[in-house]
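Dropping the structures in below, format is structure tokens.
Common to both upcoming complexes is chain A, partnered first by chain B, then by chain C.
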Partner chain A sequence: MKEFGFQKQKDRQTDLDQIDLSQIASVLQIVDSWKRCIGCGSCAAVCTAGQFSSFNPRRTQMLARQGCYSTLALEVAKCQLCGKCRLVCPRDVDTRKLMHELKQLQISLLP
Partner chain B sequence: MTFDLFVLPFSIGLVYLLIVVVERFRHWYVMLPPAIKKELRHRILCRSTVNAIWEIIREGLLHKRLWQQNRLLGYMHMSFALGWFLLIVMGNLESRLYSQLHVNPPYYPIFLKFFVHDSHVLPFELTTIPGFFRFIMDFLLLFVLSGLVLALFKRSGSRWFGLHHTTKHNAVDRIALTSLWLIFPLRLLAESFTAGCFGGGGFLTNSLGRVLSAALPAEHLYYPFWWAYSFSLGVFFILLPYTRYMHIPAEIAYILLKHWGGPKITQTQSYYECGMQACSRCGVCLDYCQVACNGNSPSTAPAYFIRELRAGRAVKDITENCLLCGRCQDACPVGIGLVNLRLWARKQLTLQDRLLNCPAYPATAARTSVEVVWFAGCMTHLTPNTIKSVKQILQNSGIKYQWLDADGSICCGRPMLMTGREQEAMQLIESNRKAILDTGARILLTNCPICYKMFRDNYQLNIEIVHHADFILHLAKADKIKLPSLDQKLALHIPCELDRKSEAATALKTLVGRLKNNAQEIPMSELCCGGSLGSLGEYNSDTKQLCEAASKSITQDADVTTITACPLCKKTIDRHSKGPTKDIAEIVMETEK
Partner chain C sequence: MSSKRIIIVGAGPAGLAAAGVLARLGASVTLIDKDPDMGGHLSKWHQLFPDRSSAQILLEQLVSEVPDEVSRIMGREVIGGNVRTNQVDLKLDEGTWITGDGLLLATGFDLFDAHRKEEYGYGIYDNVYTQAEVEQMFENGRIENRSGKIPQSIAFLHCVGSRDQKVGVSYCSKVCCVTGVKQAIEMREKLPDAIIYNFYMDLRMFGQGFEELYHDAQEKYNIRFIRGRISEAAENQQGKVIIKAEDTLTARPLKLTVDMLILLCGMQPSKHTANLADTFGFTTGPDGFLKPLGPSQNTFRTRHPHVMLAGACTGPATLTEAIQAGRSASLALYEQLFNIIN
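Up next is the complex of A and B:
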């Protein structure tokens, strides 16, 4: 294998038996509009925090949906709640409220 | 005779009330940080005390601000407060003359007419004004009763008062309200029956007494009525600390804290708790709160929000739905710091221990000895036309400037602060503050009212902070820019973050006034566009209603251009109004070409 420069990656699939999606479900209930997200990435394009870091609201949402909590907690802390993302979302998702609620998730999510 | 069993309910109530109120006041004092306690002790012997006492008389008794809001409501509150207060004062003087004693038991003046049925004229009164006290006491009682009649009308229909909404009460409040309303009619009847039996009384009680005693067995009735009067007083006093009537002592404490506590007082727990108790639930704020009037959540208005807080319920929805537009605060006759109160409640709901993972701030340019540092603001980067116009204005004016966020910036921190995350906002503040001061500029120009407010209130920059509306007006006055005169129909939306009373808001109004070539009045709205970052309600569903109501208040037509001076307002209004929406800078530059 080595000669071709390939590497075998560690499996990154979410183990559904290991994660608890109930907290995310409660956020979905509060921010109803989240259900409408089509993952277009407009929010990421205008993001204030994203301009100076690897932060990306679209990716952050994915992390939440997939239950990647430890990365999520680190990522969502970068959002400045400036509210620009919600002005451009074509699906009227209240991304700022979503980030606020994700920030509010219990500390147990932290690594 | 100076005692009867019926005085007991009143006396017990009064003693209980005093104990509870003193304990609360003590609690508020003890909770203050040492520095403020020191300040407070220091100011007691200063002018502050005179000012505080004057405000207590003006607002606690005369209700001046409430009068300005609504005359009927002002009269109603004043007749209760001033009328009752004077009844106590005059009653005390009167009882002193009758009893010859220097110290009377506290109930004595209240029930004087039971103990002294004196129908003769006092020697003292003969030498002054005959029947003075009997007249004045009856007159004051009538004064209070007139307020009571108004209160009854208000309950039956608030529209009488020009109010669209009136507050709704819970069970304890209602019992307290009933006992309060019974106090004065019962006093009237008790005194009248007594006057009917034994003579005495003034123009009101004496004549009513005569009529009543002709029809009813007054000699059997007067005593039970004294009991009932005392009982209603006792019940009211005991319930007072647990109902909205706590506002009577709390308003006094609040005014004292405001005057004695110095500028830092507004950040203390005592101030919040006291302010919360000082709300009289007069209901004035209900008609000012857009979320309550046009939105989905009537209980967001301070009257109800504070009711929930008092009951120890920090309800998430109503704590978060508020736009922090400050209209209620400007209108509140008690002068409660309602915006800070809401923020304080938000802070309790927010996880504080997770710090912002703050992205690195772009490297700042070295000191360039410019006059003006221009911080467009992150939101303004979403309105490139505004940026373009401001840039042109700066270039045309020939002023040396540095554009701090040409390549973007981090947020000023106000949106973060408004969600109750103080520490995280502090991180953003520190970063920006350093970058701004590093330029060494004398003037900070910003295009976003949110930044403008934040820089003024939270940055302590010690340089001049200017919004572009003010900046353009200055240039126009100095003839460095020529203002167009427009034919098209205009409407003006004042962004609430601009602070309705700030120089920038005034400048914006003046500037727009100068744009018109005919004398036509430009409709103006000071309502929030609904897009406020202060609200954590669902943006698009709530905003639509609020924004439509706000833009309807100035224009219904598609050929009217709405002028504003905030990127967020512009984006929000543009979405929900029929005509075009433009920033003031765009308007000025568009026509200059």
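Up next is the complex of A and C:
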């Protein structure tokens, strides 16, 4: 193969054919309520960490569910586990527990 | 023929439509309502979606179809009763009983009590309203806040008391999305310079002409739609309402100060539903509304052949649906009582 001296850009497309969701499946098993999220953003509206940083719990957990792991570890590390998000979720997702579980995952997911 | 007496509980759109049909067929009808006036919720609305027709004219039409022979017991609440073969006994709030051969329950819905979502400050802050109060403002022709000022910024919040497990309601109330869009357009017509927002999780514009109303709201009326649920509201020193949400489509938390926050409250089963279901041996659905025998057919039948259900007592419904249900159920009840089928 000839080296052209540049790297092929990785596609930004979420490739659901390629992504391995097995780790996420195990989190879904532990935090069953996560399956009910409808992406309303209430958690992100009140998030303590989100007021001062780019952290967004709705987006972070959505990325996780689609297997977009590249920034997941960095993102969930910002969560302070304060539990405010859980008070407002209309679907009763145990968001705090979810963040906790995603924090556990981070080591194995670091790129 | 008129020896058989049919009792209709609820003189809202469904009950009125049913009374009209049954009276025309020659049945002897008694209409009971806890309110002093007929019309149910229809009497509280100003213009109807999607065509902005007059609620009052529709109400007058429905009432005019109920002839004088129909006996009316107004200002009396049905609080219980029992069902026997070929007979129904109803208990009224002042302790008397009334007996009929057939029964149609058209007890409708109650509006969700906005006080229960304390985080939105209804009843605490001055400028938080329900959409039902806004209908009254339109009816009176004056849009002003509690201190008599004309609002320059208005936010509607969808799904208050619907789709919210925190208040134990998981169902969608169906008519509040289109009502919110209709009211936003009406606000724009009255207040050309105001900034008007609708905060939604999903917009459920299911009926004929509904989605088109949404197009119009965007294109012609400059309504700003923000996909995110307001998580909390606060009040500032000027009595304005500060709201917090996530603008989910840009993935950023959002803060906004408005002169008026309008809560689009959902429908819940009317006060005595559980009690009536219990005394009559009906089941209720997961939403707590009365559950008819079948979801596609028999949508107005119960396990008692001479007792029918119609309208929003079986779940969130539009006027179209409530009126149709009232008419269909009354025909079925008539056939049943007068042995036209069997």
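Note that the second predicted complex is superposed on the first by the 97 of 111 C-alpha atoms of A that agree within 3 Å, B and C clash if a C-alpha of one lies under 4 Å from a C-alpha of the other, contacts with A are read in each partner's own complex, and residues count from 1 in each chain.
Going forward, a contact is a pair of C-beta atoms (placed from the backbone, for glycine too) under 8 Å apart; a residue touches a chain by one contact, two chains touch by 3 or more.
The structure displayed is predicted, hence computed values, not measured ones.
Partners chain B and chain C, brought together by superposition on chain A, fit side by side with no clash. Of the two partner chains, chain C is the only one touched by A:Gly39; chain B is not. When the two complexes are overlaid on their common chain A, residue A:Leu74 makes contact with chain B while staying clear of chain C. Judged by the touch definition given at the top, the superposed model places A:Thr48 against chain B, while chain C stays out of reach.
Look at A:Pro90: by the touch rule set out above, it reaches chain C but stays clear of chain B. By the touch criterion stated above, A:Arg58 is placed in contact with chain C alone, chain B being left untouched. Ranking chain B and chain C by residues of chain A touched puts B first.
Taking every C-alpha atom of chain B against every C-alpha atom of chain C, the smallest gap after superposition is 7 Å.
Of the residues of chain A, those at positions 46, 51, 88, 92 touch chain B in one of the two structures and chain C in the other.
The touching residues of chain A, counted against chain B in their complex, run 31-33, 46, 48-49, 51-53, 55, 73-75, 77-78, 80-84, 86-88, 92, 94, 96-97, 100, 103-104, 107, 110. Touching chain A in their complex are the following residues of chain C: 119, 159, 163-166, 201-202, 227-232, 244-248, 251-254.
The touching residues of chain B, when paired with chain A in their complex, are 350-351, 353-362, 378-379, 381-382, 408-411, 413, 415-416, 419, 421, 428, 533, 536-541, 568, 571-572.
For chain A in complex with chain C, the touching residues are 38-47, 50-51, 56, 58-59, 88-92.
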